[in-house]
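Starting off with a structure, shown below.
By letter and in written order, the chains are A, B, C, D and E; residue numbering begins at 1 in each of them.
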């Protein structure tokens, strides 16, 4: 187990470094000189040259890379010219909003997918199965930002059931986790909790639908595979009731691969949903990055790319470890 | 079946739309702006009075054209690398696999965005971004296919006859992977459509005034809550139909050729 | 009984597969698939190679075919050591040594026509013109008992036995002198198995083939082979002409194997010697004699030395230190 | 050895099971009848596709999962001292009580027949607790006891192992432990040794024989290996193309078969000891041709197209099972002329 | 060890500041005035700030020597009057006869948030800092005279007296001292946080304020929101509101939504089309003001084909001005043609009649110009600017009939700025106007020769001379004469296309009781 862990962590670190080089090289290809942006429109060449050397942009690329990596892991993720703030503090500020949205979207997608798929496969109704498949295709094919727009037009504009694109709603009085729903619960403020959830619902659903469809497809395929395994016939031959066969045997077996996919999805979501956040004006990392892109504030974009990669790899690593813990085949070998 | 019909409709619109609806997608009619759908303008008009349907048609051409290009390029590059890595092995395999791992460390959309930013906004850099994001998927697929097929008995039996590696690939390995590649390609096609639209949505897509669905949605966003829903709705519908039908086709193919494997790539 | 001049002489053949090493672990682990195996096959002889799973019999066949490279040892075919021959020079031998595979479903490319499959070897080795090859394909199909129009059909249109015939025709297409038949009938139903065995017998007689017949079914080997090599866990236990081996096995493993094989005779009585326990892992084979953990005759010494394969009678060799048994 | 009780433990009469496939309806089992007296072993032999596995799944009523249905026939289980159970007409819940409890089954693939994410102990415990009212701790004790019974060394520690940690032979032992944990009246063994090596096969056959004696159960043993049948069965049913073509005591079947197919089958296997007979031919006797297409079965005798004794009459009507000796039947109109 | 400590610091700081930021909105109260606007400030440093959004935000936290007056506005609101200058920190001032020395007498009792007095030394330090750092602020502070810098010396006479010496007279000096660039910052805080480095921005000051003005910045989340409360220690007039919540909302639908539902009290930056949908909305009123910002297309006069004045005249006639005002500006635009925007003092409507849309005339002029058609021209617009994109699209379509192929190049903000500053594009669109509302300042970069900020590259030595006279003069009549003269010269040369002067629309909720409009919003006068 220790060896397994060390090996996974080792390869994760190598991958992160590979990814950081990639991110660095890609973004340094940008033609515009960030110094000019920082210096402002009335700056003369002298000022621009000053700022350039202040940013270290006149050094060789590999030195810049080295500097960047060293300072990145030292907690200095660069300075956002468009916000006049260090990137790290901006990201730390916005992380809870993205994390909360991601968490709920993930829960909706994962719990929804597992529940619906297992139910449909248990009921073994061809008709329901077709419906579910269709639903999964629809959900995978919908561009999330368009869906967000449709949600707003229908559930906010037409029906008025949910709040419009106004972000997270009122903040709780005391801050513990930065996740509004949790903080409200800690404070014992249930109406606040309901409000926060109300604000979360539409963006989280818009975000959840794609992963939901993906997970449904995956889980469905796995369930079909497992149902045809000989051991299921054995279970029937043992006289195990279909309910237990399905939920105690087939589901755990089919669930394991879904776990990995779930991890990837969570990692992607945690990195901020660039698209949906923008529409719902969610004050998260996604919005920050879009602004960064539009203003060519590359310190922000680069930090975000690095962060996504690290989260992605980190969550993958966690899932692998979890998987090893849950699946006896990996655990003991 | 539904997939094929939907796909056919969109392709038909893309190819013959201009003939059936010969309206210039760039023609501005300022005073006729923001008109709701009508017989004269089946999808309404946009903020400077351009016919949304005409733009929808041209958007279909752009989206499909680019997605096809991306899919083909991704298949060729990723597939070739995968074949080589699986066959040659050794340090080549190690280096390429590591590189692919690094690429896979990025959520696909983020990677495509990074490339599009790095190369400057535009359809070419957006397409390159999507290609780069798609390559590792092909690479992994082909590499594992090669490794799997190499141990198959009929490949060994050809090897026992003295067949060269090249012959093995050409006659015994590559033909077996076509269905897998095709399935993968339709997934990637759907992925490209969605990603290109997403890039357009964040302003990294094609340059106006050429209509591109993702960009059209962004532009329509501002009008969604002032009542002019048609600006963003129809291009979204186009993306939706194309992506869903490509997925349906991929799934059908998978049912036919490879009923065991699940979905492979998602946004 | 004097052994004929060997066509194939295997000396000290060893094949170890590295096990995917755990990171940070010092010693590399190997699957000891074949350990120091020597035997020979005479021209025109049919030699059976029997053993249970993990005995290394299939690995020997694949190594002779150079589908995998041996770790050590020599494979001398007709005077040339082909164990480490470079690709180009090996090509000449690919014509001379051919293989019939176990699974007739998996060993034929489902997308190629039968004619193409049979002609492939000729094509690779540049034998004949396309027309000549077509004629040869028809002849071969006739030889294995299929009609000539089978060439135009795909493998899935044939039954298991027919496919195995196609596999045989494919191997014969390059006129080999030596055939490695790797469990050629074990995937077939009993009645079909008999047909294929008969075909192989006919071909052997007609074409003077030399065959290394790999199998786990003792009665098939007894029926078909002249000489039998018994393997266990990568090593040869016993080599003997079939009459001697089946009548009077000299190695405890052979004895147990023969005793364990079910016989279609409800009246057969007699005590059955059941080998206790599982076959040990080939990654950590027992020291000394690999059988000792399951052998009822095992002595403490058995753990000390690897028993050499020694001749106890003309043409009869065994790897056991005890002569006081059996 | 065989006590011929008045009512056999299992009676199967006129069983018909079919599957819907894309090519048409496949009558996998067509009018199959046999009985298994208590405490005896019936060996069912046949080549692939002959319907032997479907017969066993029909008895367990597990064909529906594969898209099959039992169309006709009677399957009756007579446990001593209890009313007969009509398996075909049982409701699903009662059927579940029969499965694993009265009739247990073991399968060909020991590698895939166990749930990979459950420990073997839990899988035995599950079986025990399904049919017996015992506590978990008691069930665990029982599981360890069963593991010891099937010859797994150190059962106390292995009870928490997972299937992937066991060899094929060990897994088959675990399967047997699960099957026998509720002391079933009938054990159906569907090719239980086919995937195993010959020395392991011998171990498992010995085990089944030993346990059968200890528990006093009947066994329905399905195999394609005539040697195995000869060793384990009291009676033998030979199946061909969905039908039992011959049924009788094991000695009679091997020494005096009355169906041409049985004869052909026996002749086509290499005879052990042939090497010591210098006169023995190197050629085997074979059955010409191939089994019929399951969707286009011959109208008359299904074996007729391959039968050396076939006459025109054989094509006309399906032959019934003729009594050809004591408890011995053969589905051949020319049975008196058939000899080995 | 040392290295570690320095590494740990930024982490801790970031975490801390983020916690503070979470806590920030928590103190928002119902009584707060809510102000929403579309664009967020990118820096809080007065020496570095350039754009409207920075200027209008920053100026609330700092006191300046002088301030603009106010006047009656539409709908019961008021407007800031850039023509008048009133005392602020300075009680009074003397200007030497030659117009070169300005001596200010400061009020006593003003303090920084740190408790330090706002004295003559602080004024000197703040001004010198702006000049040394050489950022945008210097341009405002010097009225654009940076080469050489017009301010020759800043001297502390005594703690309450400071003198500024110019190297040439400038009629608008007091106006410049009322801008954000002349904000008085706390020298002790600046020195403690990086001090002044010539030519370089200060990261601390970019994210923090050293309050000397009417408001304290209670919380600030960049690009998102801020809460400001009245500064209890402020010695000047207290602001009309106790606390103001400012939200920056880039998403147009949200901005509209919050305005529509009354969640925002004051909303800036709504799209004109969106404003029209609020016409019947109860609880809000949309009020249009004027400011001298003009939607324009720069036609660099030195680049072909724009180097041909007749061709420029032709394209100026090929713009459907009225349709554009109706459907792009939705009526919130003023048509004119001249070098002075209508809302800048000195505008002469008589002389600045709009150009008629006349395609036939344009065709004639093109033929006359000798420019061979079809001709390809490129126009750069800024990414995300819907209005510019509409205008470019309209021109593209309209000009296609004239044989002019207009290619649109959409550039992200940074690239846009880079390319326009380096004069590397054939033409570009811009919403542009002066940061100091005085013609001299505006012309000082927009019409005079050899000025990198003159994006039309218009150059007429005769005009240059007139501009110099104008900037030195303080005589109203003389100034008007010069302005009219320049207008006539400029107009004849068609240096650029002027689509319309943009009328800013502010949406006020009915709760708002006091509102004073300024193009550079000053929050002091707002209340509900």
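Keep this in mind: contacts are C-beta pairs under 8 Å (C-beta built on N, C-alpha and C of every residue); 3 or more make two chains touch, one makes a residue touch a chain.
Listed by chain with UniProt protein names: A, B = Peptide/nickel transport system permease protein; C, D = Oligopeptide transport system ATP-binding protein; E = Peptide/nickel transport system substrate-binding protein.
Keep in mind it's a predicted model, so treat the numbers as computed, not measured.
Among the remaining chains, the Cα-based centre furthest from that of subunit C is the centre of E.
Taking B-C and A-E together, the pair of chains sharing more C-beta contacts is A-E.
Centre-to-centre separation between subunit C and subunit D, using Cα means, comes to 32 Å. As a whole-number value, the distance joining the C-alpha centres of subunit B and subunit E reads 44 Å. Subunit A and subunit C have CA centres that are 55 Å apart. The mean-CA centres of subunit A and subunit D are about 54 angstrom from one another, to the nearest whole unit.
Listed for subunit B are residues 120, 203, 221, 224-225, each touching two or more other chains.
Shown for subunit D are the residues that touch two or more other chains, of which there are none.
Looking at subunit E, residues 251, 253, 257, 383-384, 412, 415 sit in touch with two or more other chains. Partner subunit A is touched in their complex by these residues of subunit E: 7-8, 10-11, 13-15, 17-19, 21-23, 25-26, 28, 40-45, 48, 50, 134-136, 138-139, 146, 198-201, 203, 206-207, 221-224, 249-251, 253-254, 257-258, 261, 263, 383-384, 412-415, 417-418, 421, 452-453.
Per the touch definition, subunit C reaches subunit B in the complex via residues 62, 65, 67, 90-91, 94-95, 98-99, 101-103, 106-112, 120-121, 124-125, 167, 170, 174. Here subunit E touches subunit B in the complex through residues 251-253, 256-257, 271, 273-274, 277, 320, 323-324, 326-328, 383-384, 386, 389-390, 392-394, 396-398, 408-410, 412, 415, going by the rule given at the top. Interface of subunit B with subunit C (complex): residues 152-164, 167, 171-172, 175-176. Remark: subunit B residues 26-28, 30-31, 33-34, 47-50, 120-121, 203, 207-209, 219, 221-227 touch subunit E in the complex.
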